[in-house]
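The structure's right below; bear with me while I get my questions together.
Going by the order they are written in, the chains are A, B, C and D; count residues from 1 in each one.
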Amino acid sequence: MSQRFLAGAPFAALLGLAAGTALVAPAWAADPEPIRIGVIAENQAIGGVAITNAAHLAADELNAKGGVGGRKIEIIEYDDHSSSADAVRAFQRAVNQDHVAAVIASYISEVVLALEPWAARLKTPLITPGAASNEISRAVHDDYARNKYTFHGYLTSSFLAQAVCDFSHDILVGKLHMTSTVVMSEDAAWTTPLDDTSLQCLPEAGLKVLDHIRFSPDTTDFTPLFNQIEAKHPDVITTGISHVGVQPTVQWASQQVPIPMAGISSQATTTSFWRDTNGAAQGVLVDENAAPDVAVTPKTIPFATAYAKRFGITPGYAGYSAADDVNIIAEAVQRAGSTDADKLVEELEKTDYVGTYGKVAFYGRNDQYTHALKYGPGYITTLVVQWQDGKQVTLWPENIANGKLTFPSFIKLPQPHAAQ
Amino acid sequence: MLALQILIDGFAISALYGLGAIGFTLIFGVSGVLNLSHGGIMVIAAIAAWAIAGDLHAGTYIGSAAGVLIGLIAALVTYGLVVRPIQRSRAIPRDETEIFVLTGTLLWGIMIQEAVAYFFTDNPVTVVPLISGVATIGGVRVPYNEIMIAAICWSVIGLLWLLVNRTRAGRALLAASINPRGLTLLGFELSSIYLLVWTIYGVLAGLAGVLLATFLGAGSANIGQLTASAFSIVVLGGLGSVSGSLLAAYVVGYLETLTAYLVAPTLRTIPSLLLLVIVVYLRPQGLLGRR
Amino acid sequence: MSPLLDVQRVTKRFGGLVAVKELSFHVEAGEILGLIGPNGSGKSTAMKLIMGIERPNSGRVLLGGQDVAGQATHRIARQGVGIVFQHSRPLHRQTVLENIKLALLPDSLLRLAADKSVNDRACAIAESVGLGAVMHRRPNTLPFADLRRLELAKAIARDPKVVLVDEPFAGLTAAEVGIFSGLIDGFRREGRAVLLVDHNVKGVAALVDRVLAMYLGERIAEGSAEEVMRDPTVRAVYLGGSIETHARDAAVIDATPVLLEVADVSVLYGKAQALERVSLRVHEGEFVSVVGLNGAGKTTLFNAISGLVRYDGRIEWAGGSLAGRSPAAIARGGIVQCAETRELFGDMSVRENLDLGGQHQPPAESRDRLAWLFELFPILKERARQAARTLSGGEQQMLAIARALMMNPRLLILDEPTLGLAPVILEQLSKALERLRRTTAITVLLGEQNVTFALPHADRVYVLEHARIVWQGDPALFAKEAGAGYL
Amino acid sequence: MAAVRRWRPWALVVLLVLLAVLPWGVSAYIVGVLTVAYYFAVYAMSWDLLFGFAGEVNFGPTFLIGLGAYAASLLDIHRWPVPLCVLVGAAAAVVGGAALAVPALRLRGPYFGLVTLVAVLVLQQVIVIFAGITGGEIGLSVPDVLAVDANPNYWYALAFMVASGGILVTLSRSPVGLILQASGQDATETAALGFNVAKHKVAAFCVSAFFSGLSGAMVVFYEGTVSVGSVIDLALGVQVIIAAVLGGRRTIYGAALGAIFLILANELLRPLGQLNTFVVAAVALIVILFFPNGFMGILGRAGERS
């Protein structure tokens, strides 16, 4: 139990871990101690379970290849019920009890922001595969010495908005000759920078923003919203939704709102979305970091197929990034030759890894979004899929498109034949 | 045009709120129980309908019917497993039964929420509307489903009225809400009256849940919200007063719709909350409640 | 010198009902005034008005010349009014001593520790009321009498100028009554003004200097105990005038089978002995009256029969035991109680109330009964559509009886049907009962404090006093044998 | 209970000493969990003072907690010294509590409960609407913390819980507590003894508010962040109530016991993953069904038997 006594002392994590390794090393001489990675997410949530599943899948694949430098990867999962308080306790357990090398946590900005100071306090690398708020990387940028342990393993809201704008420019304006839109976002922290950027870049992309509607995330009746939007007669609705998804989509379809929806809709990124909406998703355009059947990188399809084979549904948007995070942590440990937090951080900053949906690399301490994923050609880009008869058909970027635009009959496009 | 739109949109949602709240208020009126697992029961019905209609490919009609049935079962289980034991318990002082029923049903609600989330995730689900397509009323597009929901709600409320005012069982129910002791002296077993009222409640809550799922969608994440809104509506209308709850449901429904249209969707729930506070301060017995 | 407590023309209305009407009286220092009257006479309301628990609609309550009418209870209390409640609700997790200390505390948020003197005074008071031996026990381990002592002790602790005592002797044994009289007499000796509220003169006669009798919210008599007992109005209220009885031949009745047999039934309310080894018997078709003052135990007895309270002893109905049957089942079995509280469905119409009564009968039969009852109580027919709540007291009582009759009872239990009714109404009610007795073979068990009403129809009478049956026999003999001790 | 009283004094001392040296015996994780549990215990004890003694069911403990937490955080962001932030936080809770209680205490039964419930919902909405200041639903990060290391934080929390508990228990046993209990049980009789019932109830509410707010503020400086989910959400309020009832109403100690149990149970059952909440809720339900007097009731019986 000496290990425990030490664990109580200052710098609990490091000393405890060191002592632990030192003490138990002989016993495990035959089989070197595994690299433990904590995964904190709510498994009752589609977005959350994708993280846990993907992490397990990635770890097993690595272990199948003999692990990292002979050391196996061990995933320890914690359910946080999407509560920041619960997540903090889970993080403490991960670090002080289970002595993990790093933690992959949550897709909810509130939770990640609550964990950020604890990553600093317990000096343990933290990567979020799904949260979008710019605050995460801003904190790192503003107080690097303290917060350098946090990495933003998913695109910041601003980049997501940029992606939507690029797509709008190429397809909505370029192909469908649309000229106007209404921005509809849930009133949440992650959508503030999202909307700031899109309000600025949509006009540049050629879509006049007729109105900007933010609604409470616990809204259940969307009729008034759609009616308000329709009254403005836009050619398209640019969505920014994550807490909600099923409900607006279903009501959009059942009320036969004649305007297409395109943009961010996190819940719409998994196959279960089709079931939950009973197919109301037909024709909805969603910006995703990857699609199961599109070879963004050589790893995409193998991963997606393996995932679908094992868990029955396609990986949610955070699934791809979670899988990559496991790999980059593993590589960082290997390069660092230890699980020392500061060394790990250095190595993680050097990350240059071709993942399941693009090349993973983080911005440096002097960039605006420190420790955020690099976005753009050659790094991470996103693609846009459309729900068609239960499948996600990729339409953009065109070089990887594998289908054609079609909309349900109630949709009225600017020029009826533009789609052809 | 906008006025008509608000009128139409507010109607169905209010009717749904009403249906959800009536059962809640009925139980309180007859047996003095505030069932804080209300939202849970609604969602169980909704999820069941979705799962049976979808996963078991039973089709919307059978699915919805089964959903209502399962909602009823859930209600009866709640009564038999949580409420009745507390009411019967010798160890619990009479004047504290209330807080125990509240805590008990709260815990039960949490259990339901966790269980539903465990088996079906906390994502909201939707049941295919019994009728799809939209009608156009005075230039306002209205889904047939919305019209049907309003129709169903009101016919059920009508049936309930008939039951209470025209049938012997109903009269006994009403009498129990006024003077249970008197009813005992006339040879009515209160236990069977309570069973009856919980059965009615179960059907109402189940139906409300299923309709909710066809209209807005429902999931374990909504459970707290559903309970809270039913509770507020019932208190606003006057605990135990069915007509009061209906009135309150429409007040709240339209207030929310109006706010969403004319003020801002983000503020949707604020005015009804404030109204509630004001009413409870100035007229604690609620709009139509008696003291 | 001006009286300590001077109540001037106070009136209290509850909706339509006038509970206290232009009531005036005064109590001097070192005087005990008995405020008596049957239930519903407004005496308890009068007490609440003085204590500020209810606000009078008009009139003044002078306390040493200061009008305190309508002030908050705690203010009035602090100006020197103390009250001994009939039903005590002591703090159960504190000891007797702590309960007394409570009453000695100042109304201050800053006192986080009571000073020594408090403890000593509390002990002294405990001794003085005879709780010395049990002062460190918890209330729920005490016998009923000691709980009443505790209430008394709390009142003493406040050192009030005016003491209100609600039914001082209810539920006490004869011996205990003596002790309590002594304690209350102590108040007088200490120069306090005491107001005793009770049902009858007899109970308080020994103790009081003056008595004020109330009926239907108004003063009907005032004077010494003897004067009041002799007062014709009071006699009319309690005994009525000359009573002519029409008992049927005992032999004939005894020939008929026994319908209800109550044997050695005892009931405890917490610590209070509400019924003590009561036995009585009702034959088929017999009309039995149980007379006794409020609080004597009539209602408890009937509730025991109806299965509404737990009891020791045996109750047999038509040969079989009633034990373990639910109240509703007993009612359906033919024992129908028409409760003292009437238990009407206020918001439902007269007709609906009656229909509910008939619901266990075949429709045809209940239709006939309804017709029959409408002719027995014509007023109900007129009021058929009206909400029961809106009926007058008398009409409500008729409705209650009619509703009970709708159930086609084999035994009809009538508990205090005259409660709070004006003499005129009593007449109508009495006639109705008489017709019922003549025209039907119904068996009736009537509980009454109003002897005039109880005796005329009775075949046999039981007198219930302090939870015990003290007399039984032919109504004709009642006046002679039991009547004297009754007032 | 008598039995419990007998062994309580020295048992308490031993227990406290054990708790104080605990950090050297267990991993920093357990220490961290207990730290939170202690703050949570203060929530529950303050609630019990209000329910158990004043007889009022407050559905909005998180209204008070949230006021304290957010007031403190906002001040800290403007670089006020931490102790001041904490105190002002508590003060804010008291003010808010009084503003809520004075009119609300006129109401009986479910109505009082409802007002407190609605207060929480309104506060929640206000915070989301004024996201510019409050950070909205993702909350705020505060620049300062009580301590970085686990053990000092643990001792802060322990000391805080013991102090608050001590004060609350003393209060409940003091004359004022006696009057409160009487008011809760029978307001009329209490008033007839010359006590201003309303005054005492409002006071009780303010005390309850003070400690709830204080604890809320302390938690902020332990966690380093504050958000609707962590200090205002109804779910937290429900947990507080459950903790108090589970531990045993009207005992203060019991509330703390129940609170620590809830937190610990949730952690110990972590291996169950998302099911732990379900199990804990079920256990709590069973306890209140079969042992209405909660843990203290059970302890009491055990004490009497031995």
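In this section, a contact is a pair of C-beta atoms (placed from the backbone, for glycine too) under 8 Å apart; a residue touches a chain by one contact, two chains touch by 3 or more.
Because the structure is predicted, anything quoted here is derived from the model rather than measured.
*Asks:* More contacting C-beta pairs: B-C or B-D?
*Replies:* Greater number of contacting C-beta pairs: B-D.
*Asks:* Among the chains, which one keeps its Cα centre farthest from the Cα centre of chain A?
*Replies:* Most distant chain from chain A: C.
*Asks:* Between chain B and chain D, what is the separation of their C-alpha centroids in Å?
*Replies:* 32
*Asks:* List the centre-to-centre spacing of chain B and chain C in whole Å, with centres computed as mean CA coordinates.
*Replies:* Their C-alpha centroids are separated by 44 Å.
*Asks:* Could you put a whole-Å number on the gap between the CA centroids of chain A and chain B?
*Replies:* 37
*Asks:* Touching two or more other chains, which residues of chain D qualify?
*Replies:* Answer for chain D, listing residues that touch two or more other chains: 128, 235, 274, 277.
*Asks:* At least two partner chains per residue is the criterion; list those residues in chain A.
*Replies:* In chain A, the residues touching two or more other chains are 42, 44, 187, 216.
*Asks:* Specify, in ascending order, the residues of chain B that touch 2 or more different other chains.
*Replies:* 117-118, 266-267, 269
*Asks:* Which pairs of chains touch each other in this structure?
*Replies:* A-B, A-D, B-C, B-D, C-D
*Asks:* If you look only at chain A, which of its residues touch chain B in the complex?
*Replies:* So the residues of chain A in touch with chain B come to 42, 44-46, 49, 187, 213-216, 218-221, 223-225, 227-228, 245-247, 250-251, 254-256, 267, 272, 275-278, 280.
*Asks:* In the complex of these two chains, what residues of chain B are touching chain A?
*Replies:* For chain B paired with chain A, touching residues are 5-6, 9, 13, 54, 117-118, 121-129, 132-134, 141, 143, 145, 216-217, 219-220, 222, 225, 256-257, 260-261, 265-269.
*Asks:* If you look only at chain D, which of its residues touch chain B in the complex?
*Replies:* Result: residues 51, 57, 103-104, 106-111, 113-115, 117-119, 121-122, 125, 128-129, 234-235, 238, 241-242, 245, 249, 274-275, 277-278, 281-282, 284-285, 288-289, 291-293 of chain D touch chain B.
*Asks:* In the complex of these two chains, what residues of chain A are touching chain D?
*Replies:* Residues 4-5, 7-8, 10, 12-13, 16, 42-44, 77-79, 81-86, 88-90, 92-93, 95-97, 109-110, 113-114, 116-118, 121, 133, 135, 139, 187-190, 192, 216-217.
*Asks:* For a test of understanding, state which residues of chain B touch chain C in their complex under the given definition.
*Replies:* My answer: residues 168, 171-172, 174-175, 178-179, 181-190.
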